[in-house]
Each structure stands twice: as structure tokens, then as C-alpha cells.
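Each of the two complexes below includes subunit A, the first together with subunit B, the second together with subunit C.
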Partner chain A sequence: MQQIAEPEFRFAGDGGMVVVFGTKITRELYGRIRGFVRAFQTIQPVGIREIVPSYCSVMIYFDVLETTVDEVRQAARQAFYEARPERQQASRVLHVPVCYEGVMAPDMDYVLRATGLKRTELVALHTASPFFVYMTGFTPGFPYMGELPFSIPRRKILRRMVPPGSVGIGASQTGIYTIEGPGEWWLIGRTPLRIFDASRQLPFLLSAGDYVQFETIDIEKYFALREMVENGIYAPVVAVEEVLP
Partner chain B sequence: MDEYLIVKIAGFSSLQDLGRKTYMSYGISSNGALDTYSYLLGNELVGNSYPQASIEITAFDFMMSSTTDIPICITGAPADLAIEGNPISSEQRVVLPAGKMLSVKKIRDGLRVYIAIGREIDVPQRLGSCSFDAVGMLGERLRNGHKLRLKESKIYYKQICGSPWSIDVCDGCDVDTFRDYLEQFYGTTYTVSTDSNNVGIRLGGKPIVGHKPTEVVSRGVAVGSIQIVPSGNPIILFKGRGGTAGYPIIGVVASADFDLVGQMRPGDEVHFRRISLAEAVKKYKEKFGPLKLASFIK
Partner chain C sequence: MINVIRPGSFTTIQDSGRWGYQAWGLPISGAMDPYAYAAANLLAGNQKGAAVLEMTQEGGMFHFDESAFAAIAGADMQAVIDDRKLPNWSSFIIPAGAVLRFGRALKGRRAYFAVQGGIASVPVMGSRSTYTAAGIGGLEGRALLTGDSLSIGDAAACRQPPYSMPEKWVPGYRSPWELSMVLGPQTGYFSEAEQQKFFRNGYIVSDMAGRMDYELAGPPLVVSEHESVSEASGWGAVEISEGGHPFIVTPDHGTTRGFSKIGYIIQADFYKIAQAAPGDKIEFIAVCNAEAVKRFRGQHEIFKALAMLLRPEKHSI
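Up next is the complex of A and B:
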């Protein structure tokens, strides 16, 4: 049996500890991280505030008035040895229509230059097969998805206002901006869907473990769908499928 | 100038707390407030962070004043309660104004009334308690004209605001990639940008140049994380930050200093001091440990 190296425990100040499992975005790591989180929650260590899993690491927030850094580390080590990787049988696949044209794709030219791809190639690549949602965060419900066959560095200068629904690329990840706010990823399209809406009964359309299948639409269709979304009459297309990693 | 409670009519009253503990095997009884619930309730409602000496009045009328405005809370048996003849409520925090007379009269139904005081009374502790023990002759009854000195109100940790700010920082996850820049970072005086809010506090100053930022896979970032953006400027990610981000992090503000970061004004000067995790934990405990309400932070 293959021996898995113990993760690294790094402290992020006196209120957080990062458990680092690796450096690459992989499905195997995702399964291990989810398994670790479940094992850690089962132990129920005292003084834990929140647990935030991400691609390659887990952030554990704690309160030193109730616990000590050594106890947190000890509990994390125990969870690591007790954890069983999480395996998924079937997944939700959300179909997300995206307009990859004109003003909806302000950084398209940059991305094409940086990757050497043609527009049709990039769109084909982005819509070919479902992307896996590794985690959510950054802004409410922002899905971090992977993985692209190329990697481009994030923008050097933060864009102050990214419109909600913008579909971005950062490094080898892709994501959907859920609210208007600052962003550092390259914008290649926009969806009329609202991935996050606090007024909905289910505020988040996506959570970790889901898939997103992007589909290309033109700008007329974008506005037609947006109107339906705004009137609350658009039903998101969700399929439960067995998707091979 | 010293401040006092002045007992005018003591009746049958004494100072009480939770009593003596661990001396039973020496023949010392606990004593303490005979109605523990009323005693604690008064202390809680008056806002004390731990149970202070209260005045226990038994059966007979009682009157006192204070040389300073003082919060009080009266609990226990029903009685006629008044300040300068104006009725006041029990089980509520009330301020007894300096020089005004508090009266507790006609105790009925029950036997005892408690006056919780929102300041610490300077009273001798005998075997860990101020309570009156008529057998061991520890503590004492209150007398007419008794003056009870009030201790200075205690603030355990004085937070000092003002530029230039000195903010303590622990190493961040990516400190290794900044090894050659730590001296510069901790030696620079930064300026708080007007372009700051609850999400991030942007800092101007000599940018960290030449640093080759390795792209970090997006991961959880703690409040207080100081990320170095490609322009070389630091941003302190604060309480409105997203839970995840991808720029490298040079350090994380010690939790005890979050409050200072929350007070910095645009244009202020700030520099950072590198401290160990153990120092940060110690500082946080010293600052928040004595605050009873700190348990709600979690």
C-alpha cells in the first residue's frame, strides 16, 4: 500500500492553521481533503471556529482562549490518520449558458494572445466537458473550477468592478463571479444566471463536488435569458450524471 | 481623589460574596450571601465581569449614599426602594447619583435584599472572601457612618490609538518565498491608503520589487493576512475579505492587533513588528482573557 506523506501544518497567525496536502489541483487531493474535513469534524475538537477546505489545503480557525495551537495540530494529525478519502458516485451537473462575445468578454483578446488559441478553439475548450467545482468562496458562492489545459497568471492590476455573471480564468482555474465586485481573473464571457441570490430559497446554485457544463449562447439569447432570470421564471438545467474524473 | 460609599443607616447589613472555599477541613465555614441567586443576579445585571462584594441587608431599613455616580442593582426580597424619595425598580441597573440618598425600607415576604455595586469595594479579603463570619469573626458588619472605599475602575488593557501605528505580525504561510524581503518589509513605514475598507487596507510605501511571486493556488486566507500584490504593495485582508484568495502572504496580523488595524485612519503611518506565534497567543490572551464577553467571539 502506498504511504501518503503527512501534511504540513502551517500557522496563519494565532487564529488559523493551514493543513497543506499538496500543491497541485487534482481530484485525488479533493477526495482526501473532503475526507480529512469529515474526520476532523467527527473528532469535534473544542475551540474550533470554522473549517474552510480549498484545492490543496484546509484552513482551520480556532480560538486560543479555548484551545492551544498544539491541541489543534494534534487533532488535525489524528484526523489525517483516521480520514478515508471521499468517493463520489454521481454528481449534479449545472448547465450554464455563457455569451463569449464582445463586451461580455472584455479580456478575450488578451487570453487568446497569451494562450495562442483561436477564439473558436478557446470556446470549444471551455464548453467541451464539465468542469468540477473544487470549492466555493472568495465572494458568496463563487465556484472555483478546474482544470484548464493551460495556465495564465492573474491580472497584475485588480479590476475594480466585475459584473455579476462574468466568467473568468485565473491560472488554470475558471470561475463565475457571483456579485459585483473587484476581481483579478481574465473575463472571457458572461452568464445570465445568478449563481448566488440571497433572496432565493436556495441561495447557492453550486457547491463543492458539483459540475458545471458551459454552453455557448449569442448576445440576443443572453438578454432573453437574463430577463427570464430577473422575472424569476428561468429554471436552471441540472442533471444528475455519473461523470468520470 | 478617593471615592466612597457612605452608609447612613446600616440596620442589619454586611458585605457578602460567594464565601470561603477549601477551608472547611480547618473548621472555617463558607458563609457568603445567603441567597446566592439574588447575589449573582445583581452582579450580572449591574455589569460586573466577576462577582464583587455586595451589600446584604437583613430585615431592617437601610440607607446609603455615594460620593460618585455609581451603578447599582437591587435584588432579593420585595422592599420599598427609592433614591431621594423617588421610587426605583429592583432587578435593573440604576445609577445612584453622587450625594443622593438610596433607601431600602419595609423588606417583606422574604428577609434579605442585595445591593450589587458596579465597582470593586476596597475591603479586606480574609481567607479569600470578604463575607462576614460571626463564628470565626472574619469580616465585619456594616455600621452607621461606615465609609467603603471604591477601587479605581479597572481597565485591564488600555488600547492606545494613533499614528504611527505599530502592528504585530506573525509569519504567513508563504514567508519562505519572502525571505530576502523581510528586512525591507519590517523596516518600511507604510501609509494607509484612502482606498481602504473592511475588505482590505491598502498600504503605500516602498513596494517589494524584484520578488518573483509564485502563483499560489487559491486557498483559505485568515483575517489579517498581509498579501503582497504584483505591484509590490501590501494589502491587509480584513474582516470583509473573501474566505479564499491567491496572492502570496508575507505575514498575518496578530489577533490582538486586529482592533488597531480597524482603527487606522487613511493617511496614517504604520510599521510592522515580527513576533512569534507564542508571543501572539500570549498577547491575545492578556488582552481578551479578562473580558467576560470575549467568550462570544468564538
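Up next is the complex of A and C:
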């Protein structure tokens, strides 16, 4: 059997601990992290406030009035050895229409220059096959997805106001901004879908483990769909497919 | 009902936070000064976690349709009720028809107003805390405006007499603020020299100091290894931006980010962050985890002792 090194435990203040599993974004690591989270939740250690998994690590927030960092570390170690990597049987694929044109894609020219791609090539790359949602985070419902076949450094200067629905790329990841706010990814399009809506019964359209299939739409279609979304009559297209690579 | 005559510069409804959704990117929000928040609720005779008003920089003016038992704590905003001055860190009775008026924060930056029964706004995803960036919680997901009306929750039958918190438990608010930190998770990404620079040089709170983050002005740090993979970033973390500038993570901050974190400010010092104003000086000091836990539990002991003083009959054996 393959020997897997024990995770690294790092302090994150007196009410948090980070369990680091690796340094590279891979599907193998994703499966191990999800397996760990499931095992940790099964143990049900006392005093745990919340668990936040990400690409390569898991943050455990705990209440120091109810538990200690040593107890949390011990439970994490137990979960690590009991964990079985999660294997998905079927995948949920959300179809996300995106307008990749003009004002909806303020950083398109920069990205084309930086990558040497033509616009049609970039859009084809982005819509070719579904992206895997490794994690949700940053802002409510923001899906961190991979992998792009190229990597692009993030913006040096933070954009203070990114419009909701903006589709961005940064490093070899792609994501969808869900609320108006700051961001440092390059914006190549915008979707009329509301990925997060607290007034819906299911506030989040996406969770880790889902897939997103982007589809190109023109600006007229963008506004037509946005009106439907605003009126609450747009039903998101979700397909359940066999295990995707 | 509480009628908002003047909302103040930024007044929101907050409670102990919206926990449980950080894995989906929803930050915890909640009162920024956990010490003053807890003290205000205790003084008002509320349960832990009741919703209060968090006022920033300049407080508001409120008219009460009904009588209420209430308390204030945190920054001194020179509260006045029908032209009678109210002591800070105290509870008091508000007669029906009275007007409660707050001014500018003289000491500190955030004041907490708790009313017995709590502010009864509609909870969103388990919390009444306002998260303005997504427009949820509180009142329509925004800061209060003139003309708003707030409902008061059902008050517990027990009435406590007005009470002032003993002076020894009232924290002093003054710049420079010494913020204790637990090292990690990415302290090792900074060279010894850079770490020394961070702890030796002071920083100044910039104008960008809100519920999402505090930008600090001072010597930029060189990160020898960049954390480009996003991971959880919690309340109190000190992130170093691409340009080398430190940011303190506050309760409305994104739940995950790809910045290296040189350390986390300890929970017992969160109140100092909330009360530090733009222009104030900040000095970081490293402490061990055991010391951080000891100080946090020490604050909890104060609340237990305060609860005992307020309602001895409930706690006596």
C-alpha cells in the first residue's frame, strides 16, 4: 500500500487549526480532503464550530471554551487514518450561459495578449468541457474551478468593484463572482445566473464536487435571461451525468 | 418599536454571527467587538447571541414607542436620553416616547446598543447579522436609514435594576494598540529579517478599515514563498498582499483567499481591532497559543462574574 505522509498541522489563531494535505491542486487531493472531512464529521469531536475545506487544506474552527487545540489535533489525526478517499458515482453538471462580449468581458483583450490566444480560441477552451468545482468560498457561493490549459498571474491591483455574475480567470482556475465586491481575477465574461441568492430555498447553486459547463450567449440573450432570473422564472439547467474524468 | 430618526454614519444589526456556511463562501459577520457585544447583552439582561445595534464612528438618534430596558458598551458615543447623560458600559430604562441620542465616538470606534429582548429582525440563514456586501440579514441587508423601524423581541420577565459595569472590567481604548498574535499558518514564508521588520515596526490603520478588512500602512514585507492556492482565511488573520501590505481579516471578509498569512491576532484582542480608528498605530507582538487561550478564557471569567453580580439569585447555590 502506498504510504501517505501525515498531514501538517498549523495554528490559525487560538480558535483555528489548518490541516495541510499537500501543495498542488489535484483531483486526488480533492478526494482525500473530502474523505477526511467526512471522517472528521463522523467522529463528532466536541467544540467544533465549522470545517472549511479548500484545495490543499482543511480549516477547523473550534471553541476554546469547549475544547483544546490538542483534542482537535488528536481527532484530526484519527480522522486522517480512518478516512477513505471520496469517489463520486455521478456528477451534477450546471449549465452556465456566459456572454463573452464587449463590456461583459473587460479584461478579454489583456488575457488574449497575455496568452497569445485568439478570442474564438479562448471561448472555445472555456466552453469545451465541464469544469470541476474544487471548492466554494471567497464570497457566498463563488465556485473555484479548474483546470485551464494555461496559467495567468492574478491582477496586481485589486479591482474594487466586480459586477456580480462576472466570470473570471486567475492562475489556472476559473470562477464566477456572485456578489458585487473586490476581485483580482481577469474578467472574460458575465452570466445572468444568480449563483447565490439567500431568498431561495437552496441559496447556493453550486457545491464542491459539482461541474459547470459554460455556454456562450450573445448580449441580447444575456439580458433576456437576466430578466427571467430577476422575475424568478428561470430554471437553471442541471444534468446528472456519469462520472466525468 | 424603535424609530430611526438619524442612523449615524454606519449602524447595522449584528449578533454572534452566521456560522456554518463558510465552506460555501458565506462569511460569519457578527459583532466586531465580541467583548463590548457580550457586555451590552449581559447588562441588558439578554441571552448570549441576541441581536444588537453596532454603531461605527458616529451613533444615531432613536425614538422609542414603548418603554424598554437597554444597555450600551464599547466606544464612548456620549449617549443622551431626553438630554440626560448616560454612563457608558451601563444599563438603563428608556421610558415610552423617549429619544436616545448618540454622538461621535470619543474613545474607540464602535458602540453597541442592546435592548432587552433583542432587535427582532428576520433571521437569514440562522442569524440576524447584517452582511451588507451580499445584502442579507439585519434590515434588508443594509445599514440603517432614517425612517426605519425596529421591532423589539419579547423581553424576559426578569427585570434587573440599572447597573454599571465595574471599572476594572472596562477595557482602555488607546493608540498605539498592542495586538498579540499566534504565529502561523504561513509565518515561515517570511524570512527572519522580514518577520523582525513586521514585529518591530509599527503600522497605521488606513482609511480602508471596515467590516471586510483593515488595510495597514507601513513598511511592505517581502514574501519569499507565495501562497497562490486559496485556503480558508478567518477573522483575525493578517494577510500580506501581493504588494507586501498587511491586511487584517475582519468578520465580513471573504472566507478563502490566496494570500500568505503571517499570523492570526488572538481572539482576546479582537475588541482592539474593532475599536482602532483610521490613523491609530498598531504594534504586533507574538505570543504562544497557551497564552492566547488563557487570555480568552480570562475574558469569559469576567462575563461569568458579571452575570453573577447582575443576577445573584440565578447563580447562587
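What we mean here is this: the second predicted complex is superposed on the first by the 244 of 245 C-alpha atoms of A that agree within 3 Å, B and C clash if a C-alpha of one lies under 4 Å from a C-alpha of the other, contacts with A are read in each partner's own complex, and residues count from 1 in each chain.
By definition in this document, a contact is a pair of C-beta atoms (placed from the backbone, for glycine too) under 8 Å apart; a residue touches a chain by one contact, two chains touch by 3 or more.
Quick caveat, the model's predicted, so the values are computed rather than measured.
Annotation for the three-chain superposition on subunit A: subunit B and subunit C clash. Applying the stated contact rule after C-alpha superposition, one finds that A:207 touches subunit C and leaves subunit B untouched.
Look at A:198: by the touch rule set out above, it reaches subunit C but stays clear of subunit B.
In the superposed model, A:141 makes contact with subunit C only, not with subunit B. When the two structures are aligned on the shared chain, A:66 is found in touch with subunit B, with no touch to subunit C. With both structures placed on the common chain, the touch criterion links A:12 to subunit B and to subunit C.
Legend: residue contacts after superposition of the two complexes on their common chain; A:56 is shown touching both subunit B and subunit C. Once the two complexes are laid over each other on the shared chain, residue contacts for A:47 go to subunit B alone; subunit C is not touched.
Look at A:223: by the touch rule set out above, it reaches neither subunit B nor subunit C.
Between subunit B and subunit C, the overlap after aligning on chain A sits in one stretch of 26-34, 62-70, 80-88 or 260-268, namely 260-268. In the superposition on the C-alpha atoms of chain A, the part of subunit A touched by subunit B in one complex and by subunit C in the other spans residues 10-16, 18, 20, 23, 25, 49, 52-57, 59, 61, 64-65, 68-69, 135, 137-139, 142, 144, 154, 156, 158, 171, 184. Those residues of subunit A that touch subunit B in the complex are listed here as 10-16, 18, 20, 23-25, 47, 49, 52-59, 61, 63-66, 68-69, 135, 137-139, 142, 144, 151, 153-154, 156-158, 170-171, 173, 184.
Put simply, subunit A touches subunit C in their complex at residues 10-16, 18, 20, 23, 25, 49-57, 59, 61, 64-65, 68-69, 135-142, 144, 154, 156, 158, 171, 178-181, 184, 196, 198, 203-204, 207-208.
Within the complex formed with subunit A, the residues of subunit C that make contact are 19-26, 124-125, 133-136, 182-186, 212, 228-232, 234, 236-237, 241-243, 254-258, 261, 264-268, 289, 292-293, 296-297, 300.
On the subunit B side of its complex with subunit A, the touching residues are 170-173, 215, 217-225, 229-231, 242-246, 249, 252-256, 277, 280-281, 284-285, 288-289, 294-295, 297-298.
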